[in-house]
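I have a structure here, written as structure tokens, and I will follow up with some questions on it.
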Amino acid sequence: MKKMRKVLAGLLTGAMVLSMAAFTASAEDVELVNFKMGYFDTGSQDGTTVPLRNNLVAAIESLGAEGVSVQPAGNTPDDYLDALDTLISQGVDAIALPWVSFMFAGTPAAVKKCEDAGVYYGFYWGVDVETLGEDTLAFCQDSDHFMGCFYQQENDAAYAAMETLHNYGCDKVGYIGLAASNELQENSRDYGVLKACEDFGMEILVEQRDQNVTTTAEGGATTVENFLTAYPEMQGIVIAGNTQFVMPGIDQVITSKGLTDFKVAAIDFPDAMETYAQDGVLVYDAGAHVTGPVYLTILAANAMNGTPLITKGQSFNQQYIKLTSSEEIEQWVSIADEIVYNTDELLQCLQVVNPEFDVEAFDEMVRNYSYADIMARHHAE
Amino acid sequence: MGTVLLKADHIYKSFGATKAVVDFSVEIMSGEVRGFIGENGSGKSTFSSMVAGVYKRDDGTMQINGREYVPHSTVEASDNGIALVVQEAGVIAEISGACNIFLNKESRFSGKLGIDFNEMNKAAAEALKKVYSEHVDPTIPCSMLNLEDRKLIEIAKAMCDDPQLLIIDETSNALTTRGREILYKVIRDVKARGGSVLFITHDLDELVEVCDSVTIMRDGHYITTLPKEEMIIKRMRELMVGREMSDNYYRADTVKSYEEEVVLRADHLSAPEINDVSFELHKGEILGIGGLSDCGMHDLGKALFGAEKLDSGSVVLADGSHITDPKMAVEKRIGYMSKNRDTEAIILQYPIDENICIPSLARLVRNGIIRSREERELSRTWADKLSIKLRSIHSYCATLSGGNKQKVVLAKWLGNESRILIMDCPTRGIDIGVKEAIYRLMQDLKKEGVSIVMISEELAELIGMSDRIMVMKDYSISKILDRSADLTEKTVIEYMI
Amino acid sequence: MNATKAENGFNWQRMVLKLYPFFVLGLLLIFFGVLTKGTLFSSRNIKNILESSFQYLIGCMAALFIFAQGEQDFSMASNIALSAILAAMISKTSVPLALVVALVSGIAVGCACGFLYARLPIPVFFLTMCIANVIAGFLGPMTNYQSVKTPVSMLNLDNTNLKLLVAVIFAVIIYVIYNKTTYGKYSRAIGASPVVARLSGINLSRYKFAAFVFTGIAAGIVAFFSICKSGGASKATGTMFHFNVMVAMALGGATTGGPKVKFRCAVIGPLIISVLTLGMNLARIPVGMQNLMKGVLFLAVMVLSDRLSRFDVD
Amino acid sequence: MKILKQAKGLLYGLLIPFIVYIFFGVLRPRVFLTGGLSTLYTILVQSITTCILGWGMHFSMTVGSLDFSIAAEMIMYEIIATIFYHMGGFLPMVLGTIACSFLFGMVKAFVKELIAVKSMVLGLALTYIIASIGEVLSTNRNTVIGTDATMLAGPPFNFIILIGTGLVMWYLLSRSRFGAHARAVGGNAVLAKSAGINEHVIGFEASMVGSVFAGIAAVFTLSRGAGVTAQNGLASIGSAFSALMCVFIAMFIGKYVSATVGIYIGAVTMSIISIGLVSIGFDSELNSTVTSAFLLILMTYTILTETRLADKVRREVAAARIRKDSSN
């Protein structure tokens, strides 16, 4: 039943958006302002970064902007701040900032640089505006250049992951993830995991946060082997980061050991997700949150074309694509490489082209992002 | 006596300005042990190295058993049955004795499963046995062996292919009696097998005992060859050193002359290679120290400079202070010119001016800063004073000739206004012109009250320049001789050997 | 008598060898200047170059002494991280105190390395690599894997002019010490030949120890400005710092110890890297190619500097 | 007799991993003692990659050119392996990768000998280049392989690879001319040259061995991890360090055990430490801390004993000289 409701909702919004398009003037006769959209590109080829890059590049073209990318020299916060300077010095008009890269340090500094440069900026892969911390808010609270934060309900995704494991009877689990972010924030994957432990009486036996290990496939294999050796009673693993690196190794070890009832729930989509689902190892995955930079580009395009959707930075709750069965995973994989919003849909998000489009419609669009939504918009024949 | 094994005609070889071998011809018969003697720098080592393929000759021809012989490497020489045992270390310390013996000949032991190192170890043990050195373990790295055992491995390496001509270049002084006995037996074996031995040594008694005949060289020239019956030590020494003494070469005066004041006192010094040595150095004195090259005089030189840790005893200066390390010695205006100039006295890949100024830098500091003007001035004045032939004061020392390098070392220590100069073989491997300049400089310094300790392996230099000669033998002083007109090298040699 | 006349005969060749690193920098500036149609030279971009090269300028200048002695110091990365974390912890109470703490901690680690280097006959790169790993091990538990935040007021300490001033002052001090005092000259002598240095009256352990004090000071400075810039410190601060210093010095012409390690190497090297990184981004060179170009350039410059030094008269 | 000596040596060699194993056994008996067998199997398998990389690095280190780029090379070969897999499945993957490691190894060795600069920066520059080649090769390509090609990771193949490569290493190290000549060049290049050994040829071969071993390690690692992601810049240096640690451990027990076995013992010790740390809940990043502290102490001890030995030898010869001359 739950699935039916979702499909219905998708159809409804798709119809609504389409209908709106009919009344408004067609896109051609409106002259779009050409602006520069800056973003970071580490050149990484993993399963999460590639769709993010492809969607952003497509969106930039559709909205008549010019993409300016920069490769940070390393992955310390200083390197990202230097790269930010490079973007600013190229005269970009808007920048999509990955909050994760500044999570450790540099968020206030990055915001200050953007404010001083007078560029539009916003965070994706981040937290909601309040959790940015008062140092950062002091700079961007009431600035009209701050485009807000696109955050995912990290805790819900993590909570659902643990819940799925619980439903499969795996209560004693191992944890693989990124380095712990600062104070345990309410909207964080760790918070969701711990809350689920209390609610379902589950237990985290051991954590693996060492980035040298969790960024290679063999590292994933070694980690799982170590977990199973040190804690034979372990029944499953929750992966809260670097899934795209470790998943192949984990699947390899679990299938070769024939542990049919050992389940893995993860956040972020790895490549070849369908094989892990068919092997019965991957039972839950929340990911494809690759449209953050696209939304930021839409906000920037509106601002540059003189019709800003927002006057003050606000939070937009971006949806994860939550896949809880191998059928759903297979369905998603079939359309995973497609561009989420095609040119017409994006142009409709410009008030200059479609006057009715306002921040509520934008928020609605962000909220509705789901498998059903994409199917309704692109495969509604 | 058998056929002619090695025939060398009109051989020439020079290194830059130094003519090491001049128009040298010699014939060595098969089954003969030919000795080679001559002072340092007489060209005997250079000639033997050319035969063994270490150096290429500038001119002249060589034949082995009548066939033209032009060796380009030691490997080619050993293929022609010629083996060489050198004076310096010829063994790679990190690898085992067996690997050294069969270096680049390993494929000889390739069995079905690659090279059988056990076979090689057995063959090495065999080779060592052949040179009466079963006590040496060929399987452990040579770094674990003492100097003598390493030399025995070199001998075993030379002998393992039964060479026609075995060349031994001053190896005996690195060996103890046991080692020497082994060496003599090996020489007798080669001779018994019909091969020949070319034996270079300083030890004339050893020469008489072992060799059938001896060729004498001086300053690169062939002097004569004495058959067994004429090999009398007195006569050989005369021929070895008998060049006419050019009077103005050394000091003209024939009486020791120095002030009473003692500037340095060695008080019962002892160390691994120094055995209870005591002496005093006076102001304005040239104290000569002579002896065989391993009599401990070089270590004594280093000990005086604080560069060699003493087990007991101390080096005391006039002001009562004890020298413990080179830094203090330099501060007390002592200079040390090491025997191995290119590795211990001068930095080759380093500018000339900076080489000269290193010891004086501490002195040139004015409130923490060294003005480059002063540094340039110091190096320029001494370069000019010693008339060092150089392209630019900033060029590297590697570009200089031997003599000019020694001048840079002198400039380095005189630049530091040294009052005491410890010179270890100051004129070793230096052409006559610069030699004379150094001797004149020593006499000028003596007049200015500078005290000089001159360690030398050249008797003529010792007799010519020293106020007193301290002869050393087996790490202790055997005799102190005063300067006098009738002091001859024969008397000095008596106490050396 | 003929020493001076021969001198000027060689000036033009020595001039070429002296200025070769400047050629490389000049070439890069022209190449990227043309490619980016001049935007490389905009005031903001010049500021970017100085900004991104600041930490490596300080690092390379301080490391001159170690490089002159023909050695490497792998402990700088962990030293910076440790000093940054300690300074960040103190910065909440007072910012000047944070600078003092950063310097003290940097120097302390430097002295520890210097002491062991002077005493133990272990190859330095191995010694400092182990010390770096040992320190890195404590950083995680110390901050329980999180970052230590600094007050926002420190952000305004992070302006390029201040950093330029600090870099220039540091450069003047290091220039004088390296070229005009015994520390620099003796370090080069030790690098060229430790045996001759000792027999010329140099107290080796003192100057080996001093070399590490310099890198300690640099680590402190870099740590402080890093927490000013990014507003926090964590285990990740300063990663790969030493590798970049090593590459920068090689680009500046200092591939081996001894007299070839000139003051200009420490200035030109970091600038070459910054111009290259910025230039490639400005010229929108595809990301995949950027590292390839960087690697190829490093090889080319290293071979050039090695071959040139072989008949380098000076 | 020789076999007995080797066996005794092996026991000494195994002392270090044994002590470390017991240490963690006391802390976590369930994991290391009662459940010992499966733990031991995991340890032995996990140390294979680091060991093969360590073997690869051994020869270039003996010759005196420390090269960290071997780790980046392994990742590049893994990417090439995935390409071969998608072209033709398992067999082309294995043979293709090994062939590529030969070809690329030759190019890299030729470049290294041509440049002939003995400094670590050469390795860094090569790492940048090789890493970016890996990136370019993996752009929008599926760098994951199916389970039909990962049998090498499971028994008996994993041990076949280990023992096979080990035999090749043993042959090169203790039965080949190349091994003897590499040690000679590493000891004293001048003396080796005068004996007719060409330093550059040996350098070339040492680098080739490194590349081919990296190829083998790549095939095994890819089978274990079933996927690979290109790491740009110097990110891959980490695994080169752990391989370097094994080579150093092997150097210390060099008196008792040959480098072939010594490096594997080093790799096993390091994986015992990493599993041990995980089982007592510590962060595995402490692994490098523990190993480094451990190596520092061991290296100091070894060097101090060596200098004392050399001094003793010198005194012995001098004393013999005095005895001999006073006798006659």
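First chain written, first letter: the chains are A, B, C and D, and each begins at residue 1.
Operating definition for what follows: contacts are C-beta pairs under 8 Å (C-beta built on N, C-alpha and C of every residue); 3 or more make two chains touch, one makes a residue touch a chain.
Keep in mind the model is a prediction, meaning the values are calculated, not measured.
Undergrad: Among the remaining chains, which ones contact both subunit A and subunit C?
TA: Looking at subunit C and subunit A together, the chains touching each of them are D.
Undergrad: Leaving out subunit A, what pieces does the complex fall into?
TA: The remaining chains, counted without subunit A, form one piece that is still joined by touching.
Undergrad: Which chain's C-alpha centroid is most distant from that of subunit B?
TA: A
Undergrad: So, what's the distance in Å between the C-alpha centres of subunit D and subunit C?
TA: Going by mean C-alpha positions, subunit C sits 31 Å from subunit D.
Undergrad: Using mean C-alpha positions as chain centres, tell me how far subunit A is from subunit B in Å, no decimals.
TA: 77
Undergrad: Suppose each chain is reduced to the average of its Cα coordinates; what separation in Å results between subunit A and subunit D?
TA: Taking the average C-alpha coordinate of subunit A and of subunit D, the gap between them is 40 Å.
Undergrad: Could you work out how far the Cα centre of subunit B sits from that of subunit C, in whole Å?
TA: Distance between chain centres: 45 Å.
Undergrad: Could you tell me which residues belong to subunit D and also touch two or more other chains?
TA: 135, 139, 232-233, 283, 285
Undergrad: At least two other chains touched by the same residue of subunit C: list those residues.
TA: Where subunit C meets two or more other chains at a single residue, that happens at 145, 240, 288, 290-291.
Undergrad: Subunit B: which residues touch two or more other chains?
TA: In subunit B, nothing touches at least two other chains.
Undergrad: Judged by the touch rule stated earlier, which pairs of chains are there in contact?
TA: A-C, A-D, B-C, B-D, C-D
Undergrad: Mind listing the subunit A positions that touch subunit C in their complex?
TA: Its residues touching subunit C are 41-43, 68-71, 73-78, 81-83, 85-86, 88-90, 102-109, 112, 135, 138, 179-182, 209.
Undergrad: Quick check on the complex: what are the subunit B residues that touch subunit D?
TA: Subunit B residues touching subunit D: 54, 73-75, 90-95, 99, 103-104, 106-107, 110, 113-118, 143-148, 176-177, 272-273, 275, 294, 473-475.
Undergrad: Give the list of subunit B residues in touch with subunit C in this complex.
TA: Within the complex, subunit B touches subunit C at residues 305, 307, 325-327, 329-331, 336, 338, 343-351, 354, 357-359, 361-362, 365, 368-372, 380, 383-384, 387-396, 399, 412.
Undergrad: Which stretch or stretches of subunit C touch subunit D in the complex?
TA: 72, 120-122, 125-127, 129-134, 136-138, 140-141, 145, 240, 243, 246-247, 250, 255-256, 288-292, 294-296, 298-299, 302-303, 306
Undergrad: Hey, which residues of subunit C end up touching subunit A in the complex?
TA: So the residues of subunit C touching subunit A come out as 39, 42, 44-45, 47-48, 51-52, 55, 144-147, 149, 151-152, 155, 158, 226-227, 229-240, 277-278, 280-282, 284, 287-288, 290-291.
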